[in-house]
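Heads up: the structure comes next, in structure tokens.
Should a chain be cited, it is by its letter among A, B, C and D, assigned in written order, with residues numbered from 1 in that chain.
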Amino acid sequence: MHYKVCLLGATGMVGQKFVQILENHPWFKLTSLAASEKRIGKRYGSEVEWIVSSDIPKYAKDIEMVPLDPKQIDADIVFSALPPEIAREVEPKFAEMGFAVSSNASAFRMHEDVPLVIPEVNSEHLALIEVQKRKRGWDGFIITNPNCTSTMFVITLKPLMDFGLRSVRIASMQALSGAGYPGVPSLAITDNVIPFIRNEEEKCESEPLKMLGKLVGDRVEFANFKISASCHRVPVLDGHLEAVWVEFEREVSVEDVKKAFRSLKPLDLPTSPREVIVIREEPDRPQPRLDRDTGNGMSVVVGRIRRDAWGIKYMVLGHNTVRGAAGASILNGELLVKEKFV
Amino acid sequence: MHYKVCLLGATGMVGQKFVQILENHPWFKLTSLAASEKRIGKRYGSEVEWIVSSDIPKYAKDIEMVPLDPKQIDADIVFSALPPEIAREVEPKFAEMGFAVSSNASAFRMHEDVPLVIPEVNSEHLALIEVQKRKRGWDGFIITNPNCTSTMFVITLKPLMDFGLRSVRIASMQALSGAGYPGVPSLAITDNVIPFIRNEEEKCESEPLKMLGKLVGDRVEFANFKISASCHRVPVLDGHLEAVWVEFEREVSVEDVKKAFRSLKPLDLPTSPREVIVIREEPDRPQPRLDRDTGNGMSVVVGRIRRDAWGIKYMVLGHNTVRGAAGASILNGELLVKEKFV
Amino acid sequence: MHYKVCLLGATGMVGQKFVQILENHPWFKLTSLAASEKRIGKRYGSEVEWIVSSDIPKYAKDIEMVPLDPKQIDADIVFSALPPEIAREVEPKFAEMGFAVSSNASAFRMHEDVPLVIPEVNSEHLALIEVQKRKRGWDGFIITNPNCTSTMFVITLKPLMDFGLRSVRIASMQALSGAGYPGVPSLAITDNVIPFIRNEEEKCESEPLKMLGKLVGDRVEFANFKISASCHRVPVLDGHLEAVWVEFEREVSVEDVKKAFRSLKPLDLPTSPREVIVIREEPDRPQPRLDRDTGNGMSVVVGRIRRDAWGIKYMVLGHNTVRGAAGASILNGELLVKEKFV
Amino acid sequence: MHYKVCLLGATGMVGQKFVQILENHPWFKLTSLAASEKRIGKRYGSEVEWIVSSDIPKYAKDIEMVPLDPKQIDADIVFSALPPEIAREVEPKFAEMGFAVSSNASAFRMHEDVPLVIPEVNSEHLALIEVQKRKRGWDGFIITNPNCTSTMFVITLKPLMDFGLRSVRIASMQALSGAGYPGVPSLAITDNVIPFIRNEEEKCESEPLKMLGKLVGDRVEFANFKISASCHRVPVLDGHLEAVWVEFEREVSVEDVKKAFRSLKPLDLPTSPREVIVIREEPDRPQPRLDRDTGNGMSVVVGRIRRDAWGIKYMVLGHNTVRGAAGASILNGELLVKEKFV
């Protein structure tokens, strides 16, 4: 079983993570790298400023870059690491032409008929695909994964939904790689924290409510609680760390929460981690540098689960460019295959 | 007007900040440096591993260190930068012998008859001094300042008290200097965040309630709301940054909060900043490296004041070893002078 | 005595340092800020992304920016913080029109008739000004200061010249601010060293030989030794640290070297430090964070002077954007005034 | 083929790297962990403050720690990660009792009859083992590997020996892990470089001359050139980067040097890298974070090979706790097996 894969936006930070994770993928074979005008016809290896590891995977070096044009591409599935303003233009063209597009871009996440999916959280939202195709008259479709910061805490909120969520507050300490490359200047962040990431709090307060919402007929009824986020950039290479406070509709113990976390099972997909939520019992974990690669970067790691005056607070950590970006889109792509949308 | 000052615990990180801030102080003249056994009789300059600036202030270099023994010390006021377990033993001896002790240590902060004071917040709690002397039969007394993390957000909560506080949550991003020297190993914190600081959350959830409480007869009635803190160490040299969420008893606007912040006036003391709370209007401030020295490290800087579903959230930053430690004790000392307790 | 000063290239990193250092300058009054087309007519405070300290100096905020056009500028002296390719076009226009231009740019440093000057090292090279005006038929002139890395070690080599230099090798550990803003991406330099800085080694191997050369008639005879440099970027905000190896024509002791260093006297200029070369005797100094601000950033700090099999090795440190850039140009401007070239 | 292995000094930073590298080793089975008094009888997993990766290898967790006493240990080979002052006492006791000791400690490196070995450089020095046993009357013996900083550049000097070395200068930029744990305080090294590492320059100037020396009868004739080192600590987790200048007895081209580097072949041992010296052709490599794990941390990576006025200069990088410590001792142990000393 091999699917031909096209990647849109291959040279950026997240694009590189796609290329890295897709090396030796059992189902997907990356055959097309689509890039902006000036790069067309050039080899990936000579164009990319590779920064995510020591060397570009050999398999990708000689792939010739093609235009962002669905007519010139032959693929079973399209992954998109495009910036939102380009995604807005380009992704619909691919969907219209019949491609299955699994996008990391924010452009269509909140569109009513576009699934915003974390496989372990709301795979049933894929049913929106048919709605989307019907409404838009497309042969193909777009599905999306959430922003990196939401991803981590939404995975932990999912198994807590049964307790009845009343309020969620999160304070994020986000990694540099979340800003892409060149991204955050070293002069800005050395010996410093920057307590602002454009649009991030807005995303963290809206996207989760869609994902944790219920599919009713042709649409998603948003989850019925509120979120308040405070987002901060810290001098860490990879791994978003988040402090989370949750109030519930009923009394919930630390043990209840742990049990719920352990109940969230991985799907049987190539990129699934063995454990979706890993619980660390040490008093000072999770830590970005030590825990971000847990489950090849696809697990989220929680710790310090404790009670406060109103509910429960805990820490959650995940790898922002793996579970929070490239790995998320790829997992969504795998889900599409399994569910026979591709 | 010159007061002779003795400093207990002069060689540690906070001790060094005392020595630095007291250089050229208009009222206080540091004449005694008290240290542990092995250092007695040696010159400060040859014993201290000076790390808070390029050079030890000249005035302090040749001061000979004396024992932690009140009988051998001549001073009008005693500052303590001792670790808590030593403070517990030593500070009462000084107070008993008639010294006015202004301590940065945590040992006595929560004792019922010991003032826990930030001058701009609860100077009226100094009335406990008489209670303390009477109860304990001491000729002198101990007053304390809060832990560094509480200091910053308590200063901002004070002017909000009139709105009726219902709940407070804070996420701290704390500087390395808060852990003293050698403190946090570079191998532990490089490219990392450590989401745990021993006893810090407990202090942040209790000390503020005392400071914001009301003096009723011989005791303080604690403030009637709850706090939930999540404390984290980040790779920043100085400056604690905190995300704060507040729920109020009534509807409060961003403009109300700013007005309240501006209403908190500095006292007329040598170490007082010109503005107690400085409001930054930029979207990405306060930042530790850029803002920690505001008001010579004695202002707290707030920013990003915004509404959420339940109340107000904002960022606050302060210099942890100045406003949060040495500067705090010195300001308390100045208050003692002004209020004629010394 | 007040001279009107125009600054070319005011919004970049080095431009900002000029603005900062010129605040309250006793001789110079910054009245014109010249910038690129799109900024003309706008206020400095609204255009600059200020990063060198907490706040823009008040005096500069409302200065309206003017074009890089000598006809529209009224000034007694012009400082240039332009990038080299623009400096190459713009500076000659100013010089031709009669302005005295003190430039930090590399464009003209190695031109035969352009003085490349560190006041304490080779002020006599200012005699080239007359040559330059004559040859080029200009009413004004250009003088330059060297690149930041050369500056530090050239200041230390000057007093060693009498011992007869045979060879010099330097390994630099250069600060992030040397690359300007945004400059080095945090993702590139966190937990890393980058052993390459474009053109830097070439500059370090050529500029010093001009500065340490002898003025003979209308030209400078270059110094008669060779330099080999290896330049590296480290995660430090400010302060270039350099390891230097020197071979001499004759036997030289550590004490000889120290004596020579102490013999280099400051000029009597407003921006001169009290000591040009500060010698630290501790085994582990100079260090960038602790020593870069020595002499308000205008001293160079040396340490670890020791013998090896062939000569002497030592460390030298200096503030790259002060002594190595803005402060250097300003000191040169002061020298122009003192020597009556302005 | 399985050899029972005992590790002395198992809980420190380098000890942990031994435990990590020995997991799944094809020849060696770590069965004894020897530690100081207070830890005896306790399980490794409960005693060690594990910091070199996310989790302790499972195999090691339950190993019970034993005393540093040869009588209580059953092993075919003993690795030592002891601090030098303890190694001085303990290692001879093991050697005397018949154990083969492969030590990373500096205690015996420069003893005339103790091999100081990098397998690819001077495996023939193992002949000293017989001398050592004979002279000291021991049943076993001690062999050592060099300090981490020397290791990297000595590996590159070996293939250059044929050109005739005249002088070598090195400037090191050394990683934090080289100082062990807790090691360098974060307050000391953040936004800083420390230009001093105790005894490091002395080791770098002596150990290489022994390794590159010739075995003549019962002793090593030291190599006949001089080294001058300047050693600096930089804020990097792992990976020592070194700038090297070499003067030769004859004209040597960059191509000659590359060819020589390529000629150094790996031995056929389990821990050998596929390439001993990896040459990077990019202008800005090697970099610690990108290149330290090359060859599982057992390759050294060179780059920027270029001529200067007197010879050749280049950069070399190696993983200090792998190729420079634990991996080095293990490779030496493998060599002992292959050469039938065990």
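We take it that contacts are C-beta pairs under 8 Å (C-beta built on N, C-alpha and C of every residue); 3 or more make two chains touch, one makes a residue touch a chain.
What you are looking at is a predicted structure, and each value in this text was computed from that prediction instead of being measured.
Chemist: Quick one: which chains contact chain A and chain D both?
Modeler: B, C
Chemist: Among the chains here, which has the CA centroid at the largest distance from chain A's centroid?
Modeler: Most remote chain from chain A, centroid-wise, comes out as C.
Chemist: Given the two chain pairs A-C and A-B, which is bridged by the higher number of C-beta pairs in contact?
Modeler: Spelling it out, more C-beta pairs touch across A-B than across the other pair.
Chemist: Centre to centre, by mean C-alpha position, how many angstrom separate chain A and chain B?
Modeler: 42
Chemist: Could you tell me the distance, in whole angstrom, between the mean C-alpha positions of chain A and chain C?
Modeler: 47
Chemist: Give me the residue numbers in chain B that touch at least two other chains, ranges are fine.
Modeler: 190-191, 235-237, 290
Chemist: For chain B, which residues are in contact with chain D within the complex?
Modeler: 13, 51, 176-177, 181-191, 235-237
Chemist: In the complex formed with chain B, which residues of chain C make contact?
Modeler: 53-54, 190-191, 290-291, 293-294
Chemist: Would you pull the chain D residues touching chain C in the complex into a rising list?
Modeler: Touch list, chain D to chain C: 167, 169, 171, 173, 190-196, 226-228, 230, 232, 234-237, 241, 243, 245, 283-290, 303-304, 308-310, 313, 315.
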